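Letters A, B and C mark the chains as written, and numbering starts fresh at 1 in each.
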Amino acid sequence: MADALLQTERLTRRFGGVTAADAVALTVAPKEVHAIIGPNGAGKTTLIGLLSGEIVPQEGSIRFDDTEIADLPVHRRSQLGLARSFQITSLFRDFTVLDNVALAVQAHRGHSFRFWRDARHEQALRAPALSALERVGLHDRAATRVDRLSHGEQRQLEIAMALASGPRLLLLDEPMAGMGPDESARMVHLLRTLKGSVTILLIEHDMEAVFALADRLSVLVYGRIIASGAPEAIRSDPAVRQAYLGEKDGGARGRQDG
Amino acid sequence: MSVSLDPPLATVRQSAVTARTVFTAGLVVVLALVPVYALATGETFGVALFTRTVILAIGAVSLNLIMGYGGMVSFGHAAYLGIGGYAVGILAKEGIGSGFVQWPAAVAASALYALVVGALSLRTRGVYFIMITLAFAQMIYYVAIGLDRYGGDDGLTIYKRSDFAGLIDLNNKIVFYYLCFAILLASIFVIARQVNSRFGLALRGTRSNERRMRAIGFPTFRYKLVAFVISGALCGLAGALLANHTSFISPAIMHWTRSGDLIVMVVLGGLGSLFGPVIGAVIFLLLQEGLSRVTEYPDLILGPILLLVAIYVHGGIGGLLEGRRRG
Amino acid sequence: MLYFLEQCLNGIQLGMLLFLLAAGLTLVFGIMDLVNLAHGSLYMLGAYFAATFATLTGSFTLALILAVAASLIAGMVLEVIAIRPLYGRDHLDQVLGTFGLILLFNELVRLVWGPEGRTLSLPPQMLTAVQILPGVHYPIYRLMIILATLAVAGFLYALVMRTRLGMLVRAGASNREMVGALGINIKLLYTLVFGLGAALAGFAGVMQAPILTVQIGMGENILILAFVVIIIGGIGSIRGAFVAAIIVGLIDTIGRSFLPDVLHLVLSNNAAQTLGPSLSSMSIYMLMAAILVFRPEGLFPAASR
């Protein structure tokens, strides 16, 4: 794809004898919602680590909008416009919701070698933070400490923090993790509102959400992308059914007829 | 629905009147009145003891910046007391008695050492970091022992206090005490501004969740390093004050157990609070002083007290005053 | 040249002592996730115990055995009383708590044995030099330290790699809950491991007593060296501790012996005189700094948990 926003080639990472990422070739088009699915142990955590910068690849390249980022540290990738949310909630627990998001804004508003002025009253930080909170529906919880939020609210906050920096690519690691049906539906709705304004690479287990949101899917099995394309094409791809969906349904035939 | 743009702060509370604030205010008043009491009763020993306490409190305040707010447990902070002190001592011995040269030199030398140690140590964290800062402090301790020209193991006597060309006479114990006290208050004030500034928030965010900080785009290393340097520099100033106070400097001030003392002061007073280190310093030094009057073996009591504090008290004694909250 | 060889052997001998300490520290840290600053105190106790037992029994060998046993017991008692509450706690709490223990032990020793320090004498034949290579003589006792420690290292290796206990130890290091769930008495395991560490430290304390020192505060100085060894070798790795200990021992000893002369060649007499002793004591810290720059995880980092 000529104008892909994110493109990986031959991305490989081994841990001892295990090849967690096996020549991964992934392409994400601008403004699309691209979902990565795959059975447990497929290497999704490693892939996220490689894309976000926490894990260094042994082979391959990652191009983000024409810039090679495979050797860039985590914070530099964020500065380039790649924001991520965490599967296991990772927030600033002793700060308030607004503080959390304001920090995310602060990281992208110049340097932080300011030692005197109270940053808690800095409009340039608070205002964008509040609007990110409004976007995810958390603005009435702005003054609450994070450790008092419900699980679902914390997941929303994860998204708000990723949005606060005005990113070009959102890397969402199982945003629905640990959510009940109501909360999941709310999250899907939220992500739908984001669709089209920002590119999203979504790692998810929740198939309903995936098929509701994704423009394209890639299937990751044993560290390899075995199929990539539109949801319906993936759904009926025999290799995919065998490796993943097939295991759950106990028979490709039955599914197709039903 | 409108939301106030300055929500209550999760930490660093400055306006709520609690048992803790009353205690702290009272402590500050007591400290301010120590010389007055001494003058009134003619008992000047208290001034010496409290001068030392205030000076070490400055050291504890500097350590609290990186420990309490930055989450970096440095077990080598006494090194800066030594570097600051030796800067004064060495310059004095070489004939440079002016405080205008000695004190900036003390601060600069400490800052430089902190820069080097920090640049190397901050690549690690947790236990590694503790051990490495300890090792670097031990290194400078041995360097000082090897400096025969400046007394080596026996230490160096400083015959004249820093000279400030008549602006202020450090030989006057009362004046000196108030100078140290003023520096303590000024340091706390500066740090109070810092902790809510962009820099301070970045530092505290790093303490809270460094992985997250990096993910949102902060180059955390440089902020930690700058905090480390500021902390070292301030502690170096305390070292210069200490050298003046005792008119003497020796490697013993840099022994790693002195670094341990500083950590104890910070923890006793409650991590990450502005006046906590002062409370901790006062308690620790009074405890040491009191116990050594009562028994020939004070550490037999002090040791277990520290162990018990570590086991049972979260958030230090300051936390006790505020009602237990996990620091 | 002969002098150089002798210094090398001294370096190896120092390395052996450091290994004993580092192994105990790294075991306890690797398995129980506990920073134990009071490890040096157990080393000190070993030396003091030996001094007393030697006076009582008149035999160095007997004193050695009794002192190591006493260290083992002291370690286990300490673990039950003071260390257990620290498991799972923030490392800072552990640092604070074990720092308190250091103060306590130093004062206890002062109370029981007095401030003066002790001596531990060897039967004279142990100090005679023995020819190990043509023209190279080295005191028997120092050789014994090297050999004894090698034996202990071998024993440790066999213990950790080949026995059920060792398997539990390794399993505990990588997955505590699992080992507990399997019905193994984790508490007992921890007490034994801590006791083992204490015995190693005590053994080192006894072995060095005749040639180095028996005095209050001796534990702290060598403890920091042990930390340096662990940093260079990699936390959690006994093999790393072994290699690093030898390197550190060699560099420290050779640095102290030869660096002043080297400096005299390069610097002015005055400067060399002033800086010599300081710089030579810095050599291992320089090495540590270099490791931090080029390989911060250590030479043999243990498998990541």
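Simple rule for what comes next: contacts are C-beta pairs under 8 Å (C-beta built on N, C-alpha and C of every residue); 3 or more make two chains touch, one makes a residue touch a chain.
The structure displayed is predicted, hence computed values, not measured ones.
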| item | value |
| --- | --- |
| Chain whose Cα mean lies nearest the overall Cα mean | B |
| Reference chain C; chain at largest CA-centroid distance | A |
| Between chain A and chain C, centroid-to-centroid distance (C-alpha), Å | 48 |
| CA centroid of chain A to CA centroid of chain B, Å | 43 |
| Inter-centroid spacing, chain C versus chain B (mean Cα positions, whole Å) | 31 |
| Shared-contact residues (touching 2 or more other chains) in chain B | none |
| Residues of chain C engaged with two or more neighbouring chains | none |
| Parts of chain B lying in touch with chain C, wherever the complex brings them together | 67, 73, 75, 120-121, 123-124, 126-128, 130-132, 134-136, 138-139, 142-149, 256-257, 260, 263-264, 267, 297-300, 302-311 |
| Of all residues in chain A, those that touch chain B in their complex | 52, 54, 73-76, 78-79, 83-84, 86, 90-96, 98-99, 102-104, 106-108, 112-123, 126-127, 130, 139-140, 142-143, 145, 161, 164-165 |
| Residues of chain B that touch chain A when the two form their complex | 1, 3-11, 193-194, 196-202, 204-205, 208-209, 211-220, 223, 226 |
| Residue ranges of chain C in contact with chain B within the complex | 29, 35, 82, 85-86, 89, 91-97, 99-108, 110-111, 220, 224, 227-228, 230-231, 235, 273-282, 285, 288-289, 292-293, 296 |
